[in-house]
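For reference, the structure I am asking about is given below.
Chains here go by letter, A, B, C, D, E, F, G and H, matching the order in which they are written, and residues are numbered from 1 within each.
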C-alpha cells in the first residue's frame, strides 16, 4: 500500500530531509511546499513580472503557492505539519486546518514550548508529537502488522 | 433576509462590540467564541475538574472551545476574522481556514503591517480589509439594492 | 412553502422588476447581484480606497461582488439567469454554472438568437425559456396542485 | 507524481499544441474538449441522425460534448482555461466555474484586454496569467523542489 | 418539530388525499409532483409552445417536472413513494433512488404483489409497507415519546 | 439562537428527563429515540404485523427505529450520547459514530469505569464527560458571552 | 486514459457482449451486475441458506446484489444503462438514478417505443440513444482528438 | 479489478488469517487494525512516552489507532466487520458505522446469538452473515460473471 504524504509547515529548517531519510524504508511519496523560502516569496514576480507594490507582490506569490498546496493537499492521504519556535506561520495553521476539514489524518509536530498557543489545533489534529522521529514511528505503525 | 455571522479571531480587544453597534441596523445575528479570555482558558477545569498538568488543562479547554466554534461556524452564513498585532493567534487562522474549506464567505480584517505573514490566508479569503468599518460596509452592500 | 430565488445575470435592463411584479402573488424572496452597474464596478474603491490600476480596481470590486453572489447563491432554492443580447456576460455564465454544480435548479432565460453560443449551458440548465413570463409560469407551476 | 490536466476553452487556435510541447518534460496527461470545431458542432447528428431543427441539433451536440467535458473535468487534478479575443465562449466560462465549484485548482489564461469582462472569474481562479508560457512556469513550479 | 415530506409516485389514484387526511394531526408540510396527470404531460407545450414532435414534447415536460421534483426533494426531510399495480412508473423509481442517494429516509408503499420486481429498491428503502395507514403509523411513531 | 439536540444512547434510565429539566432555561429542542424500550422492540410487528421469526421481528423494528434516528440526527445541531454500565449498546456507538462522521459535534457521557472500552469513541468525540450536569454546563457555555 | 464503465440494466439479452466486442479497441474496463438471472435471484439462499419465504429470499438476494452494484457504481467513471421492451426493470431505473445523483455521466439506451415512460429519466441522463452502436460512438468520441 | 478491503473488528481471534487464506485467489489487498492487542493498547506510551494515568495512556493510544483506522477506511472499497461473542467492541461498532456513513459497502459477520444487540447495525449493513466463509462467497460473487 503506497501512501502520499504532504509535509506542511516550516520551511526554514531541514526537518523534511531528516524525515524523508528516516522514512526511506516505507513506500511513501512525500510532497511539500516550495522549500526555497526566497523563491517562494518571489514566485509571483518571477512568473507574472514586476508588481505594483509589496502587497500585490505577496498576492501574486500567494495565489501560486496556494495553488500548489491546494493541489497537493487534495492528493495526500495524510498530512504532517511542523511548527518551529520562530515565525508566525499562519499559513501552516491554515494548511493544517484545511487538511482537517477535508477529513485527512493530520500529525502535528511542535515543541512542547508551543503547546499553549497551539492547543486548539493540537486538539483537532489526529495526533500531536514533539519530534520528527515520533512522526516516523506513527508512519511505521500504519504498516506494521503486529 | 436574516444572516448569521460568526466573529472569529482576537479576543483581547473590543472590536466585536464596535462591529455589532455599527451593524445594529442590519438583520444579523452575531455569534462569537467565548470573549472572556481567562474563562476560555479555564473552561476545561471549570467543567471537568482539576487536570493532571497544563497540557491536559489546555486539551480539556480546547475540546470545549472547539465544540463551540465548530457548532457556530456550521450555522454561520458568513465569517469575519480579525487579527490583531499581538499574539500568535493560530486558532484564528485555523477557524478562518475551516470556514473557507466549508465554503463560507470570509472577510479578513488585519492591519496593513500584517500583510506579509497573512498573505496566503488573505489570498484565500473572500475579501481582506483593514478596519471594522470596512467590514460593515461590505455587510451593508450585501443588503443594498442599488 | 417559501422559496428563495436568486436572479443572476444581466444588470443593464429592468427584467428583475418585471419578474418580481409578475410573481408578487407567490411567497418568494428574490435576491440579486447589485443592480446599479456603476456602483458594482466602483465598490472596490468605495470600500477599500483608490487602487493602483484598473486591474486592481476590478479585482477589489470582484472580490466584494463575488462574496455577495456566493452568499446568496448558497441560500437560494432556485436560480434564474438571464442573458441579454449585448455584453459578454461571462460572470452570468459563471454564476449559472456554479448554481448547477451546487445542485440548484436553474432556469435560463435567453433570446432565441443566442441559442448557439449558449447551447452547452442551456443543455445543463433545468429549463431554458425565452421570456420572463415563461419563467413565472414555471414558478407558478411549482406551487400549483392541479 | 503524475497529474491529469484538462485544457478547457478556446478551440479555434492551436494553444493546446504549444502548451503540450512546452510541458513535454513533465509527467502530465493532458485532455481537452473535441478540438475539431466543425465535428464538435456536428457530433449530435453524426451519432443520433438528422435532428428536427438547429436548436435540436445543438442540444444533441451539447449533451455529448457536456458528457465528455464532465467526465474529463472529474478526472482532472487541475484545469487550465484559455479565453481568446473573439467569440462569446460562454461554455469556457461554464467549464471554468464548474472546475472552481468542484474544488479543482484553475489557471486562467486571458489577454490583458479581456481583464474587465473576466474580472469576476479571474478573481475566483487560482491564478490568472496572460500567456501559455506563464501557465507552463506554474506547472513546472509545482514539481520544483527549490 | 415540523417536517417536510415529499410524496413521490403514482399520480393516478387519490392516495395522497387519504394520507394527508390521516396525518392531519401531525405538524407536517406535504408536497408532491403535479397530480393532474394530463397537465403534467402537457406542461412543456403549455409554457414553451407547440413542440416539433412527441419526443420534444415529452422532453419539454420532463425538464419542467424534473425541476419541480428536484427542488422539492431537496427541501424534504423524508420521502414517501407509492407504487401502484399498473403503469411502468420508472420516474417513481428514479425519484425514490435519488432520495436514497441524497441520504433522505424513504418509506416505500407497494402492494405485496409487486415485491419481486421492487426487491432491490425495497431493500435500499428505510422501510417498506403495504398500505397508506402503515406509513402514517411510522410518521406518528417519529413524534411519539413513548 | 435555537439549537436542536439529539439525545442518543441508553433508554433504560431516566437521564433524558434529568437533562431536559436542567436545560429548561436554554432555547433548545431535544429529540431522542423511542424511550419506551418494550415498544421500540415491538414496533416492527406493531406496524407490519407478525413476523416469521425473532430475526425478522428485529429487522422490522430496526428499520423503523433507524429511520427515526437517521431523520433526527440529520436535523440535529449537536448530539449527546450516554453509555450506562449495563447492556452492550452497540447502537449507541453506531449513532455516535454516525454523528461524528456527519460532522456534528458530539458530547459523550460515560462513567469513568467505561473509559477503557470506550477509549476510541471518546477520543473522536468533541468532549467526554461523566455526568449529565457536566453536559449541561457545556450547553450553557455555548450560550454564555463571558 | 483508462476508463471504468458499469453496464447497468437488462440482463435477459446479450447486449453487453455486443457492446464489449465493439469497444474492444478502447482502453475500458467494463463491469456489470450478475448476468446469470437465475443465479442473481438465488444468490441470497446460495450464500445464506434457505429463507423463510419468498420475500425473505428476495431480500437476501437484493442485499447481495445491491452491495455488488453499489461497489461497482462507485468505482465507475461512466454508467451505461439499457432498458429493453419487457420487464418492469425498476432496479435499472434505480441504478441509473443513483448514478446521476452521484454525478456520474450516464448514457441511456432505450428503444424509441419506450420514450414516453422513460421521459423523466431520459431528460436527466447525459445522453439518450437507441442502439448499442450509438453508445459505442460516444465512447469513441471521448477518446477522439479530432 | 483490484479491491482494497478493510477488516474491522475483533482482534482476539485469528479470523483475518482464515479470511485472507480463503480469499487468496482474488485480487484483493486486505488491511486491518493493529492485530497485536497488547501493542495496540501500549502504542501511545511506546511513541509518546509514559503518560500521567490510564486515561491519558488510553487517549494517546486511541489517537494513534484512530489515525490508522481512519486512513485505511478512507482508502477501502469495502469493509468487513466481525463481532465475536466476548468483549464490548464499541470501537468495532464505531468503525462499522463510520464506513456506512462514508457510503462504503459493509459486510457484517456475527454469530446468530448476537442478532438482538446488533439488530440496528445489521439492518444498516449491506449484508449480515454468520461465518467467514459466507463473507468470502460474497467477495467471489462480486468477481463472478455468471
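One rule holds in what follows: a residue touches a chain if its C-beta (ideal position, glycine included) is under 8 Å from a C-beta of that chain, and two chains touch if they have at least 3 such contacts.
Just so you know, these numbers come straight off a predicted model, no measurement behind them.
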Shared interface partners, meaning chains that touch chain D and chain E: C, G
Interface sides of chain C and chain D: same vs different residues, half threshold: same
Far-end chain from chain F, centres as C-alpha averages: D
Counterpart interface for A-B, drawn from F-H, G-H or D-E and sharing over half of its contact pairs: F-H
Centre-to-centre distance between chain C and chain A (centres being mean Cα positions), rounded to whole Å: 39
Inter-centroid spacing, chain F versus chain A (mean Cα positions, whole Å): 37
Centre distance in Å when chain D and chain F are each reduced to the mean of their C-alpha atoms: 49
Chain D and chain G: spacing of chain centres that average the CA atoms, whole Å: 31
Junction residues of chain H - those touching two or more other chains: 63, 66
Touching pairs - complete list by chain label: A-B, A-C, A-D, A-H, B-C, B-F, B-H, C-D, C-E, D-E, D-G, E-F, E-G, F-G, F-H, G-H
Contacting residues of chain C [partner chain D, same complex]: 54-55, 58-59, 61-63, 65-66, 69, 83, 87-91, 93-98, 100-102, 112, 115-124
Parts of chain C lying in touch with chain A, wherever the complex brings them together: 52-53, 56
Interface residues, chain G side, partner chain D - complex: 1, 3, 77-78, 103, 105, 107, 126-127, 129, 134, 137-138, 141-142, 144-146
Interface residues, chain D side, partner chain G - complex: 4, 29, 31-32, 34-36, 39, 43, 46-48, 63-64, 66-68, 70-72, 74-75
